[in-house]
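Here the structure comes first, spelled out in structure tokens, and everything after it is commentary.
By written order: A, B and C. Residues from 1 in each chain.
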Amino acid sequence: MWSTLLNSNTQWVLFSTMILGIAAGMIGCMAYWKRQSLLSDALAHAALPGVIIAFLILGEKNLFFLIIGAAISALIGAWFIQWISESTRIAEDSAMGMILSIFYGFGIMLLTIANRTAAGNQSGLDKFIFGQAATMIRSDVYTMLGLALLVIFIVFIGFKEWKIYLFDPEFAKGLGLSLKGMNVLYTAVLVTTIVIGIQAVGVILIAALLIIPSASARYWTHSFKVMLILSAVMGGLSGVAGTWLSTLGNGWPTGPFVVLVAAALFILSLIFGKEKGLFINYLYLKMDAQKSNARLETGGMAK
Amino acid sequence: MSYAAWIILTASLVGLSCGLIGVFLILRKMAMMSDAISHTVLLGIVCAYLVTKEVSGPAMLVGAILAGLLTAFLVQWLHSLDIQQEASIGIVFTTLFAIGVILIATSVGNAHLDVQHALMGEITFIPWNTTVLPLIGSVPKATVLLAFVFVVALIVIIAFYKEWKLTSFDPALAASLGIPVLFMHYVFMTLVSITTVASFDAVGAIMVVAMLITPASSAYLWTDRLSVMLLLSCAFGVISAVIGYFIALWLDTSISGSMAFATGILFLISFIFSPKHGILAKYVRPTKAY
Amino acid sequence: MEDEVVLSVENLSASYRKNIVLHDIQFNVRGGTLIGIVGPNGAGKSTLIKTLLEMHPRLTGSVQFFGTSFKKAKKKIGYVPQRGSVDWDFPTNALDVVMMGLYGQIGWLKRPSRKHKRKACEALEKMGMEAYADRQISQLSGGQQQRVFLARALVQEADLYFMDEPLAGVDAQTERAIMQTLKELKTNGKTVLVVHHDLQTVEDYFDHVLLLNRTVIDYGPTARVFTKENISKTYGGQLRWMKEESRHVVHSVE
């Protein structure tokens, strides 16, 4: 166990999934307040055909180009979702479900074709579905790390702009902030976070790394800033702990373990969270009933 | 019946059941719930396998129903704790699905259950796994299960047609008229679960979402009547299944992936050419005539 | 029916997680009255109706309809939700929506008969909507949609109606039609509770007023209850008052 931890490649992989988790936790907070938690799920699935097409064109597995392919495909998906839900009576969640499953289906068609070629069969493209951090080589780690740090940097420098953009877009407009520009930037960082997570966590479960930590963080604070930080910490913890767990078994997928850790943190927050945690809520409810009873009694006496 | 005929029949049954259920899914604004249930059903199947040590129809159905209800219940519960509906769905299904995958990958992974199969479906193997029915003879097990589920879904939808309509359109009024809205919600989630699990073998966890949502959405663009929408949705489901099968044959690729892709083609056609809601119609007649 | 207590509420309270949104609610409604429920945003007007109709859990208190429980009196109670609470893109037409009001009477496993259809048509006619029976509901204007909702309430043939802002965002013609219908209901001995927003019309429209802000501020005949003091008590510091030609003009100060 310790030997795997001390292995320098493993250390790099762990470090990069931690940074990925931090980036995902931060972007997840924004997605939560934009009420777009499931959009990240849809976009992750929609990225699959792009990954495979990039591979088919290139003929080899180069993470950087696969990420570009994934990003283009996810953006096309995002554009379709918006177009369908804006121009027809179809609700946004139906549009997301459609794009998610159709793009994924298309991706599976292509994957089956790619796997028939000798190179494709060896390439471990299948690993993109559930992610396997252990298969990352040094250059993959650098690509991932660099992009994740860029995302964190963008969130960090524009912190107050993001805050206004999320909570009061109209006011932001009044301040001269370009909503269109912010939207483009937001979509860009969201898609970047999703696609760099695909190799480590997989297309199916990367969304969990965006959704769960932000929901957990809400149980501890009312401040957006603290929520962002907590969500980042929990995301980072889930990333690194999940990846480590998955290296314990032979060929274990990383994604599910990352999700498991995130879910465990969520359950802890749900129960013990300072704000609206179940335990606190229970105490409040008891107090409510008591207050109400007390009123009843005094009311009765007054009559 | 020939090998191809069995596959087409099975796929058509998937199209019919999913088309029927899908209409109410999108009208009840629960499209993403189907995505969630299609994932968590995996956990139900794994647990059923762990208990009975076999991958059989009835055990799978029970496992799937329990998993589906658990998902619906947990989502409802988290939502009642002030977590956004969307986020609740995301949390519940990814977690339960992750547990299912881990169970398969660590302990029960064998010839009967593997993740690949769960995600992509194995419709090509269906005709070989047969059972003998009285009067009819040898029939693929998956086809029998699907036919059974379709009949159940059809009966439940038709018998309570007006209640489904009312609880979908105006749950508040339904409640004030004394219709058990919450109970019907869980009945519906059960229908979604059994439809999903029956379609699982054929198309897998994610493509079943395409079969559920897309034909119904396409139908929604063509008509303003619920009954017509149901018929169209079923028809689109069957057409997608058949077209998908032939695309897969032609390109020699995944049948389930091709079916999902085919639902997309039908939707695209509806999206462009639908006389009332299509983009072409909007382009020709930009203002809506009242 | 008249003078009989049709609704009695005692010590009702309801909470929305940490916050108590309603407390010490206590009032009795007699038959044949038309009551406006008036109060500021967030006063718990919709929650009150939902709690009475057991769509929202109550914390304490008891509610009686016609001297019995809600479950037993259900058939005598009609409810008109807010117009915004449903999706008007639903694939159905106006007549069908009106028919939905009859589903409780039709019963399980049965289909609407010709008799039910006729009843629904009559209700639409009464609201001046017969020409729109086959219209898809998204193609109706806001006022027309509200009239369809009213028609749906009429076919229920209830004795006690709860209406959540039936006059919000409707045209003048619809407002007149709706108020005329409500007054007819009252004349026929029915009781109607209406959540109402527009303070200026309260005196013209309702014979009773229930001033609500988390609890009942006052309740009784409009002439007695709807006074300046009571209203400013209900609305707190949110209002500025002017009296113009015996009409209250109210400005909301956000």
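Just a few scattered comments:
Following the convention adopted for this analysis, contacts are C-beta pairs under 8 Å (C-beta built on N, C-alpha and C of every residue); 3 or more make two chains touch, one makes a residue touch a chain.
Quick caveat: nothing in here was measured; it's all calculated off a predicted structure.
Number of steps on the shortest path from chain A to chain B, with steps defined by chain touch: 1. Ranked by how far their CA centres sit from the centre of chain B, the chains are topped by C. Here the chain at the heart of the structure, going by C-alpha means, is B. Put simply, the C-alpha centre of chain A and that of chain B have 25 angstrom between them.
Inter-chain spacing, taken between the CA centroids of chain B and chain C, is 39 Å. Averaged C-alpha coordinates give centres for chain A and chain C that are 44 Å from one another.
In chain B, 29, 82, 220 are the positions where the chain touches two or more neighbouring chains simultaneously. Residues of chain C in contact with at least two other chains: 17.
Across the assembly, chain A contributes residues 89, 276, 281 that each touch 2 or more other chains. Per the touch definition, chain C reaches chain A in the complex via residues 11, 13, 15, 17-18, 20, 23-24, 59-60, 89, 138. Chain contact summary for the complex, chain C toward chain B: residues 17, 50, 53-55, 71, 74-75, 77-79, 81, 85-87, 90-93, 96-97, 100-101, 103-104, 106, 108-109, 111-112, 136, 139, 141, 152, 156.
Residues of chain A that touch chain C in their complex: 89, 276, 281, 284-285, 288-289, 291-293, 295-296, 299. Residues 26, 29-32, 34-35, 39, 81-84, 86-87, 89-91, 94-95, 97-99, 101-102, 105-106, 115-116, 119-120, 206-210, 212-214, 216-217, 220-221, 248, 251-254, 256-261, 263-264, 267, 271, 277, 279, 282 of chain B are the ones touching chain A in the complex. Chain contact summary for the complex, chain B toward chain C: residues 27, 29, 82, 159-163, 165-166, 168-170, 172-179, 220, 223-226, 228-229, 290.
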